[in-house]
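Got a structure for you, written out below as structure tokens; questions coming shortly.
Naming follows writing order (A, B, C, D, E, F, G, H, I, J, K and L), and every chain is counted from residue 1.
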Amino acid sequence: MPKPIYVLNGPNLNLLGTREPEIYGKHTLDDVAAVAAKRAGELGLKCDFRQSNLEGELVTWVQEAREKGSGIIMNAAGLTHTSVALLDALQAADVPIIEVHLSNIFRREDFRHHSYVSKAAVGVICGLGAQGYALAVEAMAGIVDSK
Amino acid sequence: MPKPIYVLNGPNLNLLGTREPEIYGKHTLDDVAAVAAKRAGELGLKCDFRQSNLEGELVTWVQEAREKGSGIIMNAAGLTHTSVALLDALQAADVPIIEVHLSNIFRREDFRHHSYVSKAAVGVICGLGAQGYALAVEAMAGIVDSK
Amino acid sequence: MPKPIYVLNGPNLNLLGTREPEIYGKHTLDDVAAVAAKRAGELGLKCDFRQSNLEGELVTWVQEAREKGSGIIMNAAGLTHTSVALLDALQAADVPIIEVHLSNIFRREDFRHHSYVSKAAVGVICGLGAQGYALAVEAMAGIVDSK
Amino acid sequence: MPKPIYVLNGPNLNLLGTREPEIYGKHTLDDVAAVAAKRAGELGLKCDFRQSNLEGELVTWVQEAREKGSGIIMNAAGLTHTSVALLDALQAADVPIIEVHLSNIFRREDFRHHSYVSKAAVGVICGLGAQGYALAVEAMAGIVDSK
Amino acid sequence: MPKPIYVLNGPNLNLLGTREPEIYGKHTLDDVAAVAAKRAGELGLKCDFRQSNLEGELVTWVQEAREKGSGIIMNAAGLTHTSVALLDALQAADVPIIEVHLSNIFRREDFRHHSYVSKAAVGVICGLGAQGYALAVEAMAGIVDSK
Amino acid sequence: MPKPIYVLNGPNLNLLGTREPEIYGKHTLDDVAAVAAKRAGELGLKCDFRQSNLEGELVTWVQEAREKGSGIIMNAAGLTHTSVALLDALQAADVPIIEVHLSNIFRREDFRHHSYVSKAAVGVICGLGAQGYALAVEAMAGIVDSK
Amino acid sequence: MPKPIYVLNGPNLNLLGTREPEIYGKHTLDDVAAVAAKRAGELGLKCDFRQSNLEGELVTWVQEAREKGSGIIMNAAGLTHTSVALLDALQAADVPIIEVHLSNIFRREDFRHHSYVSKAAVGVICGLGAQGYALAVEAMAGIVDSK
Amino acid sequence: MPKPIYVLNGPNLNLLGTREPEIYGKHTLDDVAAVAAKRAGELGLKCDFRQSNLEGELVTWVQEAREKGSGIIMNAAGLTHTSVALLDALQAADVPIIEVHLSNIFRREDFRHHSYVSKAAVGVICGLGAQGYALAVEAMAGIVDSK
Amino acid sequence: MPKPIYVLNGPNLNLLGTREPEIYGKHTLDDVAAVAAKRAGELGLKCDFRQSNLEGELVTWVQEAREKGSGIIMNAAGLTHTSVALLDALQAADVPIIEVHLSNIFRREDFRHHSYVSKAAVGVICGLGAQGYALAVEAMAGIVDSK
Amino acid sequence: MPKPIYVLNGPNLNLLGTREPEIYGKHTLDDVAAVAAKRAGELGLKCDFRQSNLEGELVTWVQEAREKGSGIIMNAAGLTHTSVALLDALQAADVPIIEVHLSNIFRREDFRHHSYVSKAAVGVICGLGAQGYALAVEAMAGIVDSK
Amino acid sequence: MPKPIYVLNGPNLNLLGTREPEIYGKHTLDDVAAVAAKRAGELGLKCDFRQSNLEGELVTWVQEAREKGSGIIMNAAGLTHTSVALLDALQAADVPIIEVHLSNIFRREDFRHHSYVSKAAVGVICGLGAQGYALAVEAMAGIVDSK
Amino acid sequence: MPKPIYVLNGPNLNLLGTREPEIYGKHTLDDVAAVAAKRAGELGLKCDFRQSNLEGELVTWVQEAREKGSGIIMNAAGLTHTSVALLDALQAADVPIIEVHLSNIFRREDFRHHSYVSKAAVGVICGLGAQGYALAVEAMAGIVDSK
């Protein structure tokens, strides 16, 4: 069995479905996890899906994924725009990284247009809601395959 | 009994009274809590007064206040100027928020002039020391009342 | 009897209650004056409450307050963001100054985020409507007392 | 008889015709008033044409126009670029506003390219000299009509 | 018979009337052409009214207008803000130029506040809809006359 | 049969496969078209796949897609960063838009970090090569379905 | 007898001698007027020395100096940095202008480093206190002489 | 016979000799072509000399030069400063490129100081009029020889 | 025995030796601790050497060092550039602080050129690898001695 | 006899009188020296008047003036805007410094608006030609006297 | 015999041929001088070729060239980007100036994109190595001839 | 015997000990030289310690160090922030470079936060006074050893 894909979610994503649904949609984080797991299953893969409000815990998970994961799908939420520590961890991770956002961050406030995560990611998918996670899993499968 | 007002304090405020008293005054954080509790008591209210050095813990408390609080009085200290994650939590909180600072941040270094918390707050009180907390409690009472 | 607190209001505040009520609320400037006077009365103080559309007249009133006032509560309205002349007067005033705004200027247009008045003020209260004036009077009482 | 159109002119426009004629043309302010009055007359309208060097007086006239005018044609001259107080008055005015400049401000110094008045105006006419006032009167007639 | 006034319209203006009517109004480009032609007729003039989505074609028309036109009324739409090539053509054109916009570009997104066309134009009219074209024709008549 | 998805490609993408393969990969544009068509076929949809070096032609195609397409997948290449005209067309298009880039534009030169297309797009997919087009087709299918 | 030199002083300069003496020195404005008058007398000239807190009054005095003065010595105080209206008046004045400041504005806050008055002045004297006015009178005498 | 040098000229250069001769000189584009051809002939080379007002046509010619040219001498005129599409084509071209301008762009307006073409060019020659083309041909000969 | 020197290390430094060795060298964090301890031993001092991925934990350790340490050597890693909370803790610490970085941050990406830690540090040592820690220990010994 | 006033002149001032006389006037540097010497003589003082094109030589002279001069009048010419080394020397000089410029640098190119010399100077005199040196000598006499 | 062309070279160019040959090529400065002299000889001209590491010496040579030279070819090396003093000298020089750089400065670090020399030069040649000097000599001959 | 380490000091450092001792300490430059020599002696090395106020002389010494030195310790003082010529020399030097400053330049004025020297240096030591030179010598020994 291949190593799982780490799907890491940042602060406040645990509120999904109840928080500002006009921006983030009606799906809960469990729904999103199910969407990702389903597509992974279809491709013979597995996801390790987690959420944390702590920057340092996310850094530690990225470090863990270096050893135990085949790739990282990262939705760093508010930390996307501010965390150099997370960028450092990702740049050291040595597995493929895909950045995901539920909303199109480029149509929101200016301070959400800049992403430290992008500097370490192969690609970016944003604005496509829960489905964006399924697409990211499929893209990750392609990248891991082609190695 | 109404839900309590969450009074949340950010990093280093546990040092109050000993740290740079020419900027922050001689009151300890316990003194500040007492000032807030007294005014709340006069108005038939209660405060839930907390402090943390961890951004993620503050995010979690804001999420808790959505359910269990009638409002949030937030002194995010150094995180005021840098935490998009905290802003995201506050914008999702759906209870009235008042931002407080002990010192007048607009007369200090430039990087303290910008506040992410302000974007989610009804109002701001700064530079009035411990008394600022009492005023914030009174203002919060007025806002909650008028709902 | 102590010297009165000067409560000085800048351009267009005479329109209060009729102008853009979704931003500035339904209170007229007379209502605001009454709110301030009431709190001052409870604390054994008096307010001298004025409004002008003329920058130069406000400068002259600030100069007058140096002699005849115990403190200045200043809502400079549109001049907040542009008047160095007013700042010069306030810096020369040598009595405590508290800046007040009815709305939360930090959630409005960018050019309203910068305040010259803040550079001369002990503290700032904004976004709390007419009640903000009462809180400012109370804070001023505390500051004058502690001298 | 309909309410008059307020045509308000800012600092130094009383010098028109003598001051830097290569920029502002040879017409005096009386000539400009006549041009505006003539076109208004043809359309069955009346202008109330005024000039002041005082920002506060212009603010007061804009407040008056809220009550007694059908629209405001505003050439704020040097105050165009600096007066938030005037912008506040205009935004509260609740009658249509057309901004006029005699010269093309976009071909002059950089600090003349930004206008606070534009933020409150339906439209802008600049660089067309005294004739620009006639065109503004005609445009105002059209706007008032379509209400 | 005098040379015609070139009235040149840039990309997407062919969609007028159907595209975002809350910004651009309900008039089609044909309606606008009729408004311009009517005013021109009253003044004994003729308009040559054209639209193109191609920057190069607009440049070529401006070059043609140097020879065959008495003036240019230019609504460069999206190219207003980006086309140095168009500015070069206009600066070489040697006939009077008036810039027109249907909407008030100064109340829209920041990137629409800067205009290359303004650097070559005698004057600017914006925010006055189809009527703005009629006013531009009249202004052009005055300028051409006074030569 | 539903209306086709317009897949529109900007300048130089006809060189794909031969131009800087270390950035853009070894696939030709025909390969990319095949990838998109295949996924569309699996979902019962059709793509109308085109490329042009002319900004004006792309504007025209976007206008055409308003009528005849169910959605637009847009890789505007170099025009992504400069074309306000294209943005105007996309904002008028009234069908869902997904922005695609072969490479991760956020890891390339600074001038490639800003996109006008993003302001009109539901979502963005970048850095995932030809596969990104397949994912965009799938996302478009989901969006069209949910209407 | 030649026309007098207008010596015009802006807001707050009436406080001189009492206000922040560590910046502005111990001389009152009357002392400064005497210093200027004495030097003028030695050179067979006369000063017309005035102060106002009102921008509009200063504009009007500059307009008056066009007719009745031989030159203008201008200390615009806080208006130096903000008043385009004053600059417009000075550029229209057509008599030589010398800018004076009591303190060295280039060693104070950043917002005091920019002067609109400088754009219309022959020269600038700053940081030399009351003596700076005497030097300005002497320089003006030289300029007027050489005409 | 070696492949020809492509000498490609952008918008408005067809006006050469008639447009603003104080900046661009009295030579027509045909004169410039003759100057380039003469120097090329002396060195046993041939030029393919073209001009277009269309960005897309220039992109196509650059693509053609990849196959059929030995080098590109590019005067992109107004597109120099704005066209990322042209830069993309030039970076893909894989033949040596020399940038030429008739005038010294660094002594003109600020927006002419930045060039996208420079990022792909071996060298730059500007301000030397038609002679600059001859020098570019000679430099190109040297570069091609040394390969 | 004197109080120990706190040597505090930020996020991802636990990966040292395995992560991007071309930037950070081959030493592990244990090696670095040994280098620091050795030099401290030679000088009769002791180090308390720690690492954390959590900003809040580092803040708490700095607060602890106020009481129990003689000085702080701080390598805040990615938090160097973003953490105002850490700066606040350091400014309150009241013991000497030396900032250390393994790599020369001034030759890396722009966002690594700014340090909040520097504002509270006596001095900075960067680019000298593990040896930099030994030098910092020696410098700290000198500073503590001279008190 | 008191110590002399050092009058130090920077690069290219040896060309005075021949170089761009419409900016710098017709006086040679010897004329300027004579003007300064004459006023100094009237006040019982002496000038040591020098010019150098070498930054390092000016630094050395400023160091010499610490010991042997009573004050420094500095016209640093082009080095005014760029030399931190000269600023360091002036800040260490411990004698009063007056900055002089022949032309009004605030009406010239932008890069001449910033002066490092101002940060170390008591006052600034500019735009008053050779006479500015006489005024500077007189001002220096006053400052030295009042010590 | 005509006056010689001054070919002036700034700091570090004496290292040519040994310093970073992948940027500056393998020619020594003597080789470059020979290349320039040869082309000058063919055109009946002479070069006076010099190098200095001292800014002040270059200023002095430019001053000398005003009298004794027919033109200046200037490669100011690192001073290109920082020396206002050199610009002042060149602007006073009153002979034609051509700026030369061996490498294409516009493809190097950002701070090399700005040149003070360009503000005084007729034209610029860069990126063409030693041959660039020959081309500059030929261009200078043409300019001098046409006078 | 190994080649000496060049320890090069820029403008005004000859004043050390007398100039602003609260910033630069009480040590003279001779003291600093002794501190460096002592540590070098302990490590079997020698320093060649020099100071100059002339940028060009420092450039020449750096060029000399390429041949005759084993490394360069550079305190460029005021030239740190402005000299591209010095940077060019250092980048060509091909021996290891360590940058030293006596004070912590990151806590001083903004214009001292940027260093050209850093771009060529292995590492930086600042704020540690004379001891910083000893540490730099030791670090240099380590670097030279490891080659």
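The definition used in the following text is that a residue touches a chain if its C-beta (ideal position, glycine included) is under 8 Å from a C-beta of that chain, and two chains touch if they have at least 3 such contacts.
Just so you know, these numbers come straight off a predicted model, no measurement behind them.
Colleague: What are the mutual neighbours of chain E and chain I in this structure?
Modeller: A chain counts here if it touches both chain E and chain I, and no chain qualifies.
Colleague: Where each step is a move between two chains that touch, what is the least number of such steps from chain C to chain H?
Modeller: Steps on the shortest route: 3.
Colleague: Could you check if the interface between copies chain H and chain K is built from the same residues on both sides, meaning over half shared, or from different ones?
Modeller: same
Colleague: Compare the contact pairs of C-D with those of each option in F-H, H-K or B-C, and report the one where over half match by residue number.
Modeller: When the contact pairs of C-D are compared with those in F-H, H-K or B-C, F-H matches.
Colleague: Distance-wise, how many Å sit between the C-alpha centres of chain D and chain F, to the nearest whole number?
Modeller: So the centre of chain D lies 47 Å away from the centre of chain F.
Colleague: Cα centroid separation between chain E and chain L, in whole Å?
Modeller: Going by mean C-alpha positions, chain E sits 63 Å from chain L.
Colleague: Hunt down the residues of chain E that sit against at least two other chains at once, touch-wise.
Modeller: Residue numbers touching two or more other chains: 54-56, 82.
Colleague: Looking at the whole structure, which two-chain pairs count as touching?
Modeller: Every pair of chains meeting the touch criterion: A-B, A-F, A-I, B-C, B-I, C-D, C-G, D-E, D-G, E-F, E-H, F-H, G-J, H-K, I-L, J-K, J-L, K-L.
Colleague: Per the contact definition, I'd like the list of chain K residues that touch chain L in the complex.
Modeller: Counting only chain K, the residues touching chain L are 10-12, 14-15, 19-20, 52-57, 77-82, 111-112.
Colleague: Would you tell me which residues of chain C are touching chain B in their complex?
Modeller: Counting only chain C, the residues touching chain B are 98, 104, 106-107, 115, 118-119, 121-128, 131-132, 135, 138-139, 142.
Colleague: Mind pulling up the chain E residues that touch chain H in the complex?
Modeller: Against chain H, the touching part of chain E is residues 54-56, 59-60, 63, 82-89, 91-92.
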